[in-house]
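Both of the next two complexes hold subunit A, though its partner changes from subunit B to subunit C.
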Partner chain A sequence: MTHFAELLLNGVSMGAVYALIALGFVIIFKASEVVNFAHASLLLVGGFLVAELHGRIGFLPALLAGAAGAALAGAFVEFAVIRRSRAADHSVLAIVTIGVDIILATELTRRIGTRVMAMGDPWGDAVLHLGPVSIAETRVVALIVAGALIGTFLLAFKHTGWGVAMRAAAEDHETAALMGVRLGRVSLSAWAVAGALAAVAALFLTVFPTPGLDRTTGLVALKAFPAAILGGLDSTTGALVGGLIIGVTEALMSGYQGEFAFLGRGIGDVAPFLVMIIVLLFRPAGLFGTRELTRV
Partner chain B sequence: MDAAAKPPPDPAGLRVHDLEVAYGRVSALRGVTLEAPRGAVVAVLGANGAGKSTLLRAISGTLRHHGGSITGGDIAYAGARLSGLDAAEVVARGVTQSPEGRRIFARMTVAENLRAGALGGAGRKAAAEARERVLDLFPVLAERAAQRAGLLSGGEQQMLAIGRALMARPSLLLLDEPTLGLAPLMQQKIAETVTEINAQGTTVLLVEQNAATALALASHAYVLEVGEVAMSGPAAELASSDEVRRRYLGEGGPDDDEDDAAPRPVLTRWAG
Partner chain C sequence: MSEPRASRLARPALWTAAALAVVVVPFYLEAFWLMAGLFAMSAAVGAIGLNLLTGATGQLSMGHAFFLAVGAYTYVLLASEPGSHLLGFGLPTPLAAVLAVAAAGAAGGLFSPIAGRLKGAYLGIATFALIFLGQHVLFNAEPVTGGYNGRAVPPFSLFGFSFADTPELVVLGVPFGSLERLWYLAVVVLLASGWFAKGVLAGRPGLAMNTIRDHETAAGVMGVPVAKYRAGVFVLSSMYAGLAGVMLALAFQRTVPEYFGIMLALDYLAMIVIGGLGSVGGAVVGAALVTLLPQVLTRYSDALPLVAQPGTGGFSPAEAARILYGSVVVAVVLFLPAGLLGLAQRVRRRLAGAFPHHPSTPSGSSS
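On to the complex of A and B.
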């Protein structure tokens, strides 16, 4: 039972981190109608900046710089690539983002090399004991920080002018333009916010018990793709639920993989994608994907 | 509170001159010239595909969303060029549009739809005033404020679309087929509202297939046919012209309201 509770807590915490990534993925899709395959690289940009800078300017400033850097990188991709080809087919743009991803990932891999970079976080390998349940402090912090960021984002999405503009543009580009919404700005801000969220996620993907940031960190971020897709690509709620499902599934499958020995080891890494496929078989639009509400 | 309080820099209002629009290689408007003087209601009539919506897209700067562009002529409002501006800049110049098919944001609430309408406008205070004016015109929108817009009846959605377009406090309102698909009673209500909006000082450019309604509302009208202005003149004159009567009003004349559009049922159980 203790084992289960530990796995569940870890799963929820990782799920919240995946949700941060998936959320960025979803808002980019909503604002620009582009499936952003460069998301993992944006995350790596953020993580890399934190790892490089923390020794010189301290952890918190480094984290802020990482978030700002990833936001800038996201905004730059939107401004330099996506915006230029607005008229093009959106599936073509998705492929363009794969190209951007390869460029970014190659450059970062070159800079990171074979290093495993520490993030300089203050939590180290401290473990928190809640009765019989032990959990790494980093996981608790991840849950709190991700929860706070997601909450802030959702409130802004619901109540600020930015959020209203974003949702209006997501629902109907042309009509939003008729209302005076500047679509370019909406799209730019979506990419920036997504980048910043991904940078924070990068931190929590690479702190204890993970040894640190290396060139494969971007691959870990790939698990957030099934989170976004099984939740429904255009649903913020879906991103959160999808993130949690993936996080918990992965934790439980890894934790109990002894019982699934016939499946071989590493089932935890495959599980997110299995869950995604099963969900999509029954709900092609994802759990919370758009269902028509109009009566027109 | 109304837009007429601003000093009119040019009594000419909207002036479209020799406008040419094409979607790719397909020409949609050819040599269209029309005027909507300040404070007037001007109607643009025409069958499906005559270029009415294209004209409004050209004015509002949304042609590019349809792969179209202005290939000749120009559009000016209050003495300044509109052609070449993007949609947000047109809104900032005081020209808003309630588009064809209403295009309300179905997944957002009524209140949020109105808020979206104010996004291109001038600040919080102006938005609050505009909101007051809109809810004055359409009290039903206040009752439904927290409801999802997609659950409104067709007539209520049309009111919302017009209300939303008024949120940016336009001095020129473009209405694309505001009575399409509505029950006669609702059509009449919308028509009355257009008159009231105009009386409060907003110039209205009304695009309609329903010629009877449009000619009753407007002081001046233009008839578009396959992308060109086929006829124009004072509304009363057009309404009595044989050709307009035959082609756009049906032989029964202006009171021929019994078209095939079945009255849209308003499901009152959604109201709660």
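On to the complex of A and C.
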């Protein structure tokens, strides 16, 4: 039972981190109707900056710099590529982000090389004991920080002018533009926010118990794709629920690997994708996604 | 559309020259380039399949590498003699190849509950999942796939003629090993699969596919069974991938699971975008560019600026190639929505306009 509680807590914490990534993915989709396959690379940009800078300027400034860097990178991609693309077809726009991803990921993995980079975080490998249940401090912090960021974001989404503009643009592009919403700015800010969220997620993906940032971190971040999809690509609630489902499934499947031995080694890494396919079989638009209805 | 006289003469001449070049090449090129050519031709077959799906029908698939793996491994499984700890069925190799293509198609068919209903990003990421599941199976199902180390590929043989280094064969003083023999096989397979895909695109199915891409509702209203078509094209494209997988396995002579990863799936998308979406020629051009670029850079790395030997800190040839064609993908989508093939057509039209042989006729869409 203790084992189960530990796994569950870890899963929820990881889920919150996946939700951060998925949330960025979803707001980019809502604001500019692009599926951003370069999201994992944006995350890697943020993580790499934190890992490189923390030795020189301290951990917190490095984290801020990482978030700012990833936000800039996201904004730059939107400004230099997405906005200029004349392709009307959405799958072509998705492919252009794949091109961006190839460039960014190749350059970053080249810079990282074979290193495993520490993030310089103050929590180290400390473990918190809650009665019989013990959990790494980093996981608790991840849960709190991710929860706070998501909460702030949702409040801003609901109540600020920026949030209203964003929702209006997502609802109906043309009408929003006619009402004076500046779509370019909305889309630019969405990419920047998504980049910043991804950078924070990068931190928590690479701190204890993970050894650090290495060239496979981008692959880990890919698990947020199924999180976004199974929740529903155009739903912020969906991103949160999807993230939690993915995190908990992964933690449980990895934790009880012995019982799942017949499925092969490393089933925990594949579980998110399995869950997504099963959900999509029953709900093709995800759990909370709007179903497209066409009336003829 | 009436063609100018010069090009009416030039076209057959061009084709003859190309055919001659293809026949002559194995006599002159060294093994390195023959191998590169084999990869390019196999990739072209796979890219044609993906272009039918993503280019012509507008269904984003990121799982193409999975179906390549299904083809490659099914061939190895069926054609190998049973070993001490590896399964094998020892079937005749042509039968194994045909069954491998069928198996890839069947895998695509099994996915049709998803492929027929999902679209856009949902389908893209759902197919993305196939890669991860595929890798998991490839690494774990050791009796079938050989696990991490992969399996040796039994050489192909047709009507008693073996496409291997033995028995020795010398043609006009040039020793014909497996690469030379496979070259001709690959050329024939590529031509056949290109011809078939062109037929599909030019006929009613092609029109239906394009309509689905351009406006799904309109396609449905006009009587195109949309879900059926989407699932069908998915199966067809998987079969192309399976065929490409078999060809790659034969060229590599060993299948390893790592090869069939995300990178490969992204490479195939890059190919069709660079070459030109929705056409057979575009797929071939893109496949040639994406597969040959790393090879060229590797070969001439010491002569190129910015490209360093691996391990010296600069860009290795493979990295330089990836960054280069990543940029080409972005540039093509931004500036040349019809891909390199579209650019070539535009240049040709511009030239024809500059030197008119005829009183100018409005040129329709060329094939």
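FYI, the second predicted complex is superposed on the first by the 288 of 296 C-alpha atoms of A that agree within 3 Å, B and C clash if a C-alpha of one lies under 4 Å from a C-alpha of the other, contacts with A are read in each partner's own complex, and residues count from 1 in each chain.
Assume contacts are C-beta pairs under 8 Å (C-beta built on N, C-alpha and C of every residue); 3 or more make two chains touch, one makes a residue touch a chain.
Being a predicted model, the structure only gives us computed values, none of them experimental.
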| item | value |
| --- | --- |
| Partner chain in contact with A:Thr175 - subunit B first, subunit C second, else both or neither | first |
| Touching partner for A:Ala285 - first (subunit B), second (subunit C), both, neither | second |
| Partner chain(s) touched by A:Arg84 [first = subunit B, second = subunit C, both, neither] | second |
| In the superposition, subunit B vs subunit C on subunit A residues touched | C |
| Touched partner set for A:Ile229, first subunit B, second subunit C, both or neither | second |
| Those residues of subunit A which subunit B touches in one complex and subunit C touches in the other | 87, 294, 296 |
| Residue ranges of subunit A in contact with subunit C within the complex | 29, 35, 37, 81, 84-87, 89-96, 98-103, 106-107, 110, 219, 222, 225-226, 228-229, 233, 263-267, 269-270, 273-274, 276-277, 280-281, 284-286, 294, 296 |
| Subunit C to subunit A touching residues, read off their complex | 54, 58-60, 113-114, 117-118, 120-122, 124-126, 128-129, 132-133, 136-137, 139-141, 213, 216-217, 220-221, 262, 266, 269-270, 273, 277, 315-316, 319, 322-323, 325-330, 333-334, 337 |
| Residue ranges of subunit B touching subunit A (in the complex, touch as defined) | 60-62, 64-65, 67, 86-88, 91-92, 96-97, 99, 101-103, 105-108, 112, 115-117, 119-121, 148, 150-151, 153-154, 157, 164-165, 167-168 |
| For the subunit A and subunit B complex, residues of the former touching the latter | 87, 161, 164-165, 167-168, 171-182, 293-296 |
